[in-house]
Amino acid sequence: EEHMAYFDGLVSADKRIEPRDAMPEGYRKTLIRQIAQHAHSEIIGMQPEGNWISRAPSLRRKAILMAKVQDEAGHGLYLYSAAETLGMDREEMLDLLHAGKQKYSSIFNYPTLTWADAGAIGWLVDGAAIMNQVPLCRCSYGPYARAMIRVCKEESFHQRQGFEILWVLARGTEEQKAMAQDAANRWWWPALMMFGPPDSGEQAKGGHTAQNMAWGIKRFTNDDLRQKFVDMTVPQAQKLGLTLPDPDLTYNEETGHWDFGPIDWDEFWRVLGGDGPCNAERISHRKAAHDEGAWVREAAVAYADKQAARAGAAAGAVA
Amino acid sequence: EEHMAYFDGLVSADKRIEPRDAMPEGYRKTLIRQIAQHAHSEIIGMQPEGNWISRAPSLRRKAILMAKVQDEAGHGLYLYSAAETLGMDREEMLDLLHAGKQKYSSIFNYPTLTWADAGAIGWLVDGAAIMNQVPLCRCSYGPYARAMIRVCKEESFHQRQGFEILWVLARGTEEQKAMAQDAANRWWWPALMMFGPPDSGEQAKGGHTAQNMAWGIKRFTNDDLRQKFVDMTVPQAQKLGLTLPDPDLTYNEETGHWDFGPIDWDEFWRVLGGDGPCNAERISHRKAAHDEGAWVREAAVAYADKQAARAGAAAGAVA
Amino acid sequence: VPARVAYLLGLGDDALVYAQRLGEWLTNAPQIEEDMALGNVGLDLLGQARTLLTHAGEVEGAGRDEDDLAYLRDEREFRNVHLVEQPRGDFGQEMARMLWFASYQCELYTALLELPTSDETLRGVAEKALKEVAYHRDHAGQWVLRLGDGTEESHARMQAGLEAVLPYLAELFDDDEASRWAAEAGIGVLPSTLHDGAVAHVRAVVQEATLDLPEESRWRSRGGREGIHSRPMGYLLAEMQHIHRSHPGASW
Amino acid sequence: VPARVAYLLGLGDDALVYAQRLGEWLTNAPQIEEDMALGNVGLDLLGQARTLLTHAGEVEGAGRDEDDLAYLRDEREFRNVHLVEQPRGDFGQEMARMLWFASYQCELYTALLELPTSDETLRGVAEKALKEVAYHRDHAGQWVLRLGDGTEESHARMQAGLEAVLPYLAELFDDDEASRWAAEAGIGVLPSTLHDGAVAHVRAVVQEATLDLPEESRWRSRGGREGIHSRPMGYLLAEMQHIHRSHPGASW
């Protein structure tokens, strides 16, 4: 009781909960689920872009892309560490991912069909991710908030790189322009879905927005974030010279926001449920790497044990 | 004794020995070794050209190449059948091939580095093979002779196709011309080595030419065949507009033959001994296909056995 | 691309891409007879592809020949289904794919022959190809029998092969815009109308082979006919097109 | 190609092709830390390659930049050794390859720094790269220790990795025409002079790892520096160059 009062006090004062602090079990579980999902998204998210490393059309782009995919691995590591402070270790989270019991962002179930998709992922997917993540830098859970600060800094760099890929394509040959437009067409709607289903209305399906806001995990509703993203992105698309695939997209003078058309939530639920273009591939790729590497991880443990035993023996001999 | 007199009589009358006929053990062994080596060469020879099926630069060439590689599989089958009439079955010959105890033509230990190599193999390697094989159509062993007649007909077709590949390249872009010339440079000497080491002189190393000629297996010496090949090929090279990489190549007015420079027999023995660019790859590719297919061959046998048993049971029931 | 051209390209690309995959079996088959047989099937499909692409190019009227269409289109312009672009699996999986694809093609070419079509070239392809694909279907069917009713291992692997191709089957029978147009125009058929015949054939073979026909897939492929492909497709095209694209304008 | 350019291309192509192979590990490593580490090594090598190819293009003076050299040369014009073009094996084999290649590169860049060379760019590459490749050598060495002295399985697989790369090692230390010219001209070193130092380092690691250094190979690779490559090279280039070649003259 007293502990919980302390927790509530910290949350309402907008201070950070640290691993040593008592916290409600629901808070802990929600955070583990969310941080793990976030970590998994970084790791699974390496695949769609990793697909273009070997074929990147210039050495400069190849280097930038390799560095980016590597950054995502790094983000995954920060985030797994943050989740571990809540009492679940990385190996367990990976097992849950591979078993389909923890999720990753559904956007990564879409394929990267052309080089322009490397740009669209940076521009739209990283752009949407940042929109989701910036508020998380003020999340009530300290380790998560600190991880997000690091992640956000690099993500906005990636977002600019993605924008630049498309910028060059949109000023290139006819084929390159078409490639950029095609990528925008295919990634726009899935990017809007990244904010999750509506928090209210017909399409809302038992979300946790209210509770998570009360706990200081979430700061804005899905619909608010989605609107901010649209408002930010439409002018960028204009700058790029790309059309966004929504005939209903219009600036609303009254609200000062961009109105947009209806989202195909059936597709969202279908892909989330496993029947997306790449769900099977993403998990089987990930699992194969993990399984093929088991002997290496086991060897590292065995070697460390031997080294520790040797050090112990040496220390014993000295004592 | 009587049997052997019959055998000697057939050979000296230039008639065919058939599987039912008695024959000297040495004759049988020599033939098994030679026919198996010949069959293996067809099967291993599928690899260097098979390497270009997926990348053939036009659909027409792709179709021709696929058909050619398939023909080689067919030649391998005829020849294994011919060898089987001498009492060794295909499975055993393949095991000996995979164990390195039966050989294949050493020419297939050279790599196919460019599309022009598909042309050079047809022109030079098939050309040399035909030179070796035409006399074998009159080989004293009937099944081998008959297999060779079929093989030679298709080989000369392949040789023309190879010539045509180079003909087009030699009349193409600068890059294509260079590719054709490079292929001729790399394949010329190995093609000359295909006839085997000299039958006499310093470089001769215990060949079997004399015995094989007496038995009616061989009709010409290695050196004779090599000279015939050079005499046939030099004018073809001139027609193609390609230079053969031998500064000593000159027409000898007296003999009516083309003289050529010294062959690097050290390289020949090195490659034959296993240290060629592709020896390890050719056998491991072949062995992998064989090993991966074992379950399929076993299933085919099991199914055939079951079918026979069912047919037997049915016959029993009817009777 | 006009719908008529798109329809022809779909048929041609299926054949081309599957021929490319089958070519990979040459030197890799479980026995030499199968190097020949799979090579033959590949050659038949390549032949169909060449006629269909050439015809598509002529109908389009923009001067593109079979090689322009095979070598100079990008991944997004290829209209084949995902089934044919999947990497070579084991022999059982290949027989599962071939049985399904040939069964589909048998229904397709049969239906095309029954149309009072005005497209004589397409009728010609169908007439010649029907004999070929009937042989492919039979060849694959024979192997499904042998493997299904062979050893314990082969039974398990053949069953696994049937499962592996399952997610790619529904797409074969999807009606896309081009096929709807072609059916309307009387020169093509709706893939959905081919479903029952193909399934009936496969089911009979699978049952005789003592195998189970899997019917539930957690996911299914979509969109090949709109140029939405799976990961292996880009790599397949890189390999297929690299030499041709390395020598712009050259003749071979 | 003039000998000086050829020498620089040999150094640059080794780094480029190995970077290409290492890039394949991203998303495929045994743990996420290794996705990062192998990506890092690949990035370092890609950086070396870019400077070396750019420099080679400048020395050549024909207006070719790093991308022209990476994307528009054919297989016969690439001058890398066979070791770096071999397909990705298991992690043990990769650590064997990396230990050898980084040991070779450590000796190479050390020797280049000791030359009173007039090639300032090459000296700059060597100076920066030496730190990088010392880290690569150390990283691979640590893994060879862990795997060699880890479990029974890892010991066997690490030993197999050392055997697998063996046939490709001699070629690293072959003196070719270009390196002979470069050594003569005082801007490069003879690969043969790097042999003993590299072997000494590898031997020490392998011994500490309770492994055996295999020394007998029935065959050995040859000729990479003359553009004679092994089968995987053409496929590597097809993949690497396909998009670039599909858009002649485009900027990225």
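When the chains are written out, they are named A, B, C and D in that same order, and each has its own residue count from 1.
Throughout what follows, contacts are C-beta pairs under 8 Å (C-beta built on N, C-alpha and C of every residue); 3 or more make two chains touch, one makes a residue touch a chain.
Quantities reported herein were computed from a predicted structural model and do not represent experimental measurements.
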Selected pair, greater C-beta contact count between A-D and A-C: A-D
Whole-Å gap between the CA centroids of chain A and chain D: 35
Approximate Å spacing (C-alpha centroids) for the pair chain A, chain B: 59
Rounded Å distance, chain C centre to chain D centre (Cα mean): 41
Residues of chain A touching at least two other chains: 55, 175
Per-residue multi-chain contacts in chain D, two or more chains: 74, 234, 238-239, 242-243
Category of the chain touch graph - line, ring, star, complete, other: other
Chain pairs in mutual contact under the definition given at the outset: A-C, A-D, B-C, B-D, C-D
Residues of chain B touching chain D in the complex: 51, 55, 111, 113-114, 175, 179, 182, 274-281
In the complex, chain C residues that touch chain B: 16, 20, 23-24, 26-36, 39-40, 42-43, 46-47, 49-50, 53, 66-67, 70-71, 90-92, 145-147, 149-151, 153-154, 157, 239-240, 242-244, 247, 249-252
Partner chain D, residues of chain A touching it in the complex: 43, 46-47, 50, 53-63, 66-67, 69-70, 73-74, 76-77, 80, 115, 165, 168-169, 172-173, 175-176, 285-286, 288-290, 292-300, 302-303, 306
List of chain C residues in touch with chain D within their complex: 74, 234-235, 237-239, 241-243, 245-246, 248
Residues of chain C defined as touching chain A within the complex: 74-76, 167, 218-223, 227-231, 234, 238
